[in-house]
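The two complexes that follow have subunit A in common; it is paired with subunit B in the first and with subunit C in the second.
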Partner chain A sequence: MGVSREYLIQRTLLLFAVVLGVVIIVFIITRIIPAHPELLWAGPHATLKQIEEARKELMLDKPIYVQLYYYLINFFKGNWGVSWRTHRPVFDDIINYLPATLELVTVAFIIAIVVGIPLGVLAAIKRGSWIDAVIRVLSVTGASVPVFWLAMIAQLIFSSKLGWLPGFKRVDEIVVLETGFRKITGFILLDSLIERNWAVFIDALKHIILPSLVLSVYPMGLSARMTRALMIEVLNEQHFRASIAWGIPKRTALFKYALKNVIAPVIASLGLSFGYTLVGAYLVELIFNWPGLGYYTAMALLSYDYPAIIGSITFVAIFYTVINMIVDIIHAAIDPRVKL
Partner chain B sequence: MKHKVLEVNDLTIIYRTLEGNVHAVDDVSFSIEKGESLCLVGESGSGKSTIALAIMRALPPNAKILRGEIILNGKDLLRMDEKEFSKIRGKELSIIFQDPAASFNPLFTVGETISDVLKYKLGINDKKKIKEIALRALKEAGLPDVERVYNSYPHELSGGMLQRASIAIAISVNPSLLIADEPTTMLDVTLQAQILETLKDLKDRLGLSILFVTHNLGVAAFICDKTLIVYAGRALEYGSTEEILKRPLHPYTRKLLKSVPRIGAKREKLPFIPGSLPDLRNPPRGCIFAPRCEEAREICFKVRPKMLEYHPGHYVACHKYSEGNWG
Partner chain C sequence: MMVSSEVKLMMKLLIKNKVSFAGFIIVLTFIFVGILAPFITPYPADARGWVFHMNQRLLPPSWKHPFGTDEFGRDMLSRVILGSRYSLIISVSVIGLALLIGVPIGLVAGYLGGKVGSALMRIADMFLAFPPLLLAVAMAATLGRGLRNVIISLAISWWPWYTRLMYVQTNSIKTMPYIDAAKVLGLRTPTILFKHILPNAITPVMVQAALDMGSAILEAAGLSFLGVGVKPPTPEWGLLVTEGWASINRAWWISLFPGLAILITVLGFNLMADGLREITDPRLRRLLISRGGRI
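Moving on, here comes the complex of A and B:
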């Protein structure tokens, strides 16, 4: 595997261009919307004079390009502004809310890969059988059901009606308080493992099951479908038939040789679908009251919190670009023909 | 009598398609003795690969073997369950393919592939021992710098080197029969000759039995003791290669001989004979070659000629050679 300096430079430039583009677009859009964020900044009982001062403070009286100029300068210095709603630095807010989202998305992707890829392989091997038919129907359905609908249904059935699993929040606060759980990284599952706080770990696990399962449905369907299609292709390749003819047992030929040809492209397509999954995560977070970035962004949107809106959207863009860079690197690690 | 490694009797295979059944192989018989090589010669579409795949039990799912036996070392491969055959596949029976570049999984080094074959087929688990055997086989197949080849990915090696690597895989298990389906057609001419040279050398030294598929009688002349001429799924002539080249009997063989491309000639063209293969979904009633045969008479279009021994050990299926038919 080789990652060349050209690749890193090229990707860094791309990242820079993406960020610049996203910031400008989102900035202009937020300023065009006729809202009065100075009212929010000044608070509910502000006088006219205070509101006027707030306008000045937020530089809303300046032309839009001046605002953009100052915003960009500060942005690249790491100062993403102060949230008009929480009155805390946007960057800190994002870092604060990020682990909840990352944890949710990571668990969802793990479920999607661990279940989706074997299902795809099974469908390919049993091509044309009823097993194949069932898996295909499920994967197409999974990739087309709206995630917010699924989230609400899952919550309604498994939490409200049956009461099997909690339907809100990441963890039960009482458990946290009783066991003296402290935050280390912000990933509750990880932190509770580090602290060997099993009560919190199990409680957090219970909380994450429903939302992560709901969120995993789309990437699971996608990876099952992709795996099936690619696997069928590989099974028809000369090299697969050669490996069988040369006497490599079918199981090894399938799960060691053929599967490796499938993994890289499936991961690549999951990477590309990451943006979509993140949108799904936002909706799931809202419905499950999951205190992550989606929740934060939604609150920002509802309260015209410009710096928070721009900050969180730009963050997602950066995130997306980095994820795809990682996908490239994984691809290069699997496929010796790919040089980055 | 010598020990027969392979005996194919009355093999008949069809492919089921939406447009009807393709009669790809019809009543073909031949045999290979220990240390002997036999060439299946015929133009494209004559069913050579179908025969080879049937022996490997690797026919596509739409193929169906209607009749016949394939007997390897006394056991009928067609009446064996999958478990029993999986012991034979890649051990008593190995194969090299036409396209060496496509025969290797691009994500694994040549060494990984060959090691896995050895691990499962020879039942060796000692990594060092496996590598030793693998390197020896690679050397045997005429590769220089075997250590580098062992550690290379397929895309880092040339077609010729990969074909030698697949020869190494095939011979490393000491097969009773090696099947080679046009192993040199995809290579450029100088390489072709070298690879043939290597195969011939291995055959002589290791006493390999080989089933060689080619559409080039020149190749057959170089490497094969016996030749079976197939056309549109049927065997037309069978005998020692020398005899067939010296005294070709069937009109089709004669045509083939006239259009033999030499090994090492600039480009290997398909033999040119006017007309084309008959529609295998609806083969003609009499002799399959009659529509293209200049010497064909009435009987050729009506009655299918039988394989007859014209000279000792030299068989031909043509009415010309059966008494009374040719007046």
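Moving on, here comes the complex of A and C:
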């Protein structure tokens, strides 16, 4: 459909420019702003010798453009320094922790779409009624609630007090050991499905419910709001009125014709909210001991593990940029009105 | 004048929309409490936090301590009330600083256009390439904890939004006949920029900025939770929630009330914004005006 080859090439070039910009901004923050970057890099418990090594590694005695040159070279080689908390290369750590975050965010988005869009349709149909007002306030609440606080409260009520759902980690280690479950992709839900290991699958599902529900609160509100606004627009449009006048039942007209015009832009806008949800995952993972990228970064922050902090933030920024580009391209492909 | 009639229309529509009006009232209350905070806390020493009451640790909510007491026996109500002042200081300073950086850049970029303009905008875009909060986390981790560093970190990640808005506004205004007239009259470029374009372009930016204050409160709380926010014992709401986390199973009230304070305040800003966004959307606004402002 509507995506030309020039557009793809142009977008890819732009992507490289933005990634380069992101890396340079990180360089400025980590090397130019602090008075003694080597102290940050070596950590709070570093010996004099380690600090000296950090100085050499960062080449702080060389001019700034030489530093930047080697910084970029190392960056694109995947040589992002060593976390002194885990004693492993930061890049490897990030790749290890990534699947847990992606699994959590994916489930949260599925919940957001499955619950949010029907709520938005309902609000649009009942526009001006109390149902509309309640849905509106709820969806705005989703954007206003401090997600880490909501996670604490949800964990306290549903896990600690009522004991309905597990409140920590992705899966029960005992179940994993008993059933001989092995990780393939790192996505536990997917892996257990592939292996037909139902015990692990159900256990993992139970573990993901609370954190993903908490995390879905923002994108759910957003999709409900977007659906409502777009639905109202469609309901007022000529083609919809015409189809009603033509005698097509209202239910068919709504779900077959109106909703079709709404779903693509709603999902595109959800794609743009990906950044917020990812950052939400950062905060939620720490509460639920969910071993993802957010947990990794948060632990790094709490122990001043500077290479790990900066590495994971850079990674997420680039990841986010790539996702945004993909969303843009998909949006352009399905919606011819998007100007290239 | 164009500006004031816009604002008047907005206020009129805001008041007619019940949900947004409720948000407006919440925001007014927040600002009021934030300004008066030091004078209305029941236990001012507890609020500031440099005290320790061994005999009243972790007391549940009661008439004496409606929000209970914390690990150090401090009255949570006092701490939450004083916390509103920190939230107010943080949000006003972050947005103010972001406006101070962002607006002039957007104005110059929009007016000059061409290569300089697009270069400036590309730089702004690179800051926007970071997911929200993360750039601020990187900055705060570099600068260290503290109120001032929180404000700087958040403002650094915030200004490009206003640059973008200002750029779009300036672009549409600079082609207007009165700007050409000003040029023909031989006015200096800074005069045209700051006396003729800025006043006519700033309204939407200011509206957006006022509504963004809620998000600033939320992000400052996030920084506190990640351990790169204000220093204890500053009673910032996010830090209060975080401090209660360790003992949440024994004393739920320590985290609950400051979290509710964040939720209600940010909700106030966002409900106001939600109403205004419908109103600032011209298609919906026309519809509203034609129906007498009812939603």
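What we mean here is this: the second predicted complex is superposed on the first by the 279 of 340 C-alpha atoms of A that agree within 3 Å, B and C clash if a C-alpha of one lies under 4 Å from a C-alpha of the other, contacts with A are read in each partner's own complex, and residues count from 1 in each chain.
Definition applied: contacts are C-beta pairs under 8 Å (C-beta built on N, C-alpha and C of every residue); 3 or more make two chains touch, one makes a residue touch a chain.
Computed from a predicted model, the values in this text were never measured in an experiment.
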{"item": "Subunit C versus subunit B on the shared subunit A, clash or fit after superposition", "value": "fit"}
{"item": "Subunit B, subunit C and vertex subunit A (Cα centres) - angle in steps of 10°", "value": "80"}
{"item": "First (subunit B), second (subunit C), both or neither touched by A:K260", "value": "first"}
{"item": "First, second, both or neither for A:A133, with subunit B first and subunit C second", "value": "second"}
{"item": "Touched partner set for A:A154, first subunit B, second subunit C, both or neither", "value": "neither"}
{"item": "Which superposed partner A:A242 touches (first subunit B, second subunit C, both, neither)", "value": "first"}
{"item": "Touching partner for A:V22 - first (subunit B), second (subunit C), both, neither", "value": "second"}
{"item": "Which superposed partner A:A224 touches (first subunit B, second subunit C, both, neither)", "value": "neither"}
{"item": "Partner with the higher number of touched subunit A residues, subunit C or subunit B", "value": "C"}
{"item": "Lowest inter-chain C-alpha distance for subunit C and subunit B in the superposed arrangement, angstrom", "value": "6"}
{"item": "Doubly contacted residues of subunit A, that is, touched by subunit B and again by subunit C", "value": "none"}
{"item": "Subunit A residues touching subunit C - in the complex, by the definition given at the top", "value": "17-18, 21-22, 24-26, 29-30, 33-34, 40, 128, 133, 136-137, 140-141, 143-146, 148-150, 152-153, 156, 160, 225, 233, 275-276, 278-279, 282-283, 286-287, 297-298, 301-302, 304, 306, 309-310, 313, 316-317, 320-321, 324"}
{"item": "Subunit B contact footprint on subunit A (complex, rising order)", "value": "237-250, 252, 256-258, 260-261, 334-337"}
{"item": "Subunit B residues within the subunit A interface of the complex", "value": "56, 58, 86, 89-91, 94-95, 97, 99, 102-108, 113, 116-117, 120-121, 153, 155, 166, 169-170, 173"}
{"item": "Complex contact set, residues of subunit C against subunit A", "value": "18-19, 122-123, 125-127, 129-135, 137-139, 141-143, 214, 218, 221-222, 225-228, 238, 241-242, 245, 248-249, 252, 255-256, 259, 262-263, 266-267, 269-271, 274, 283, 295"}
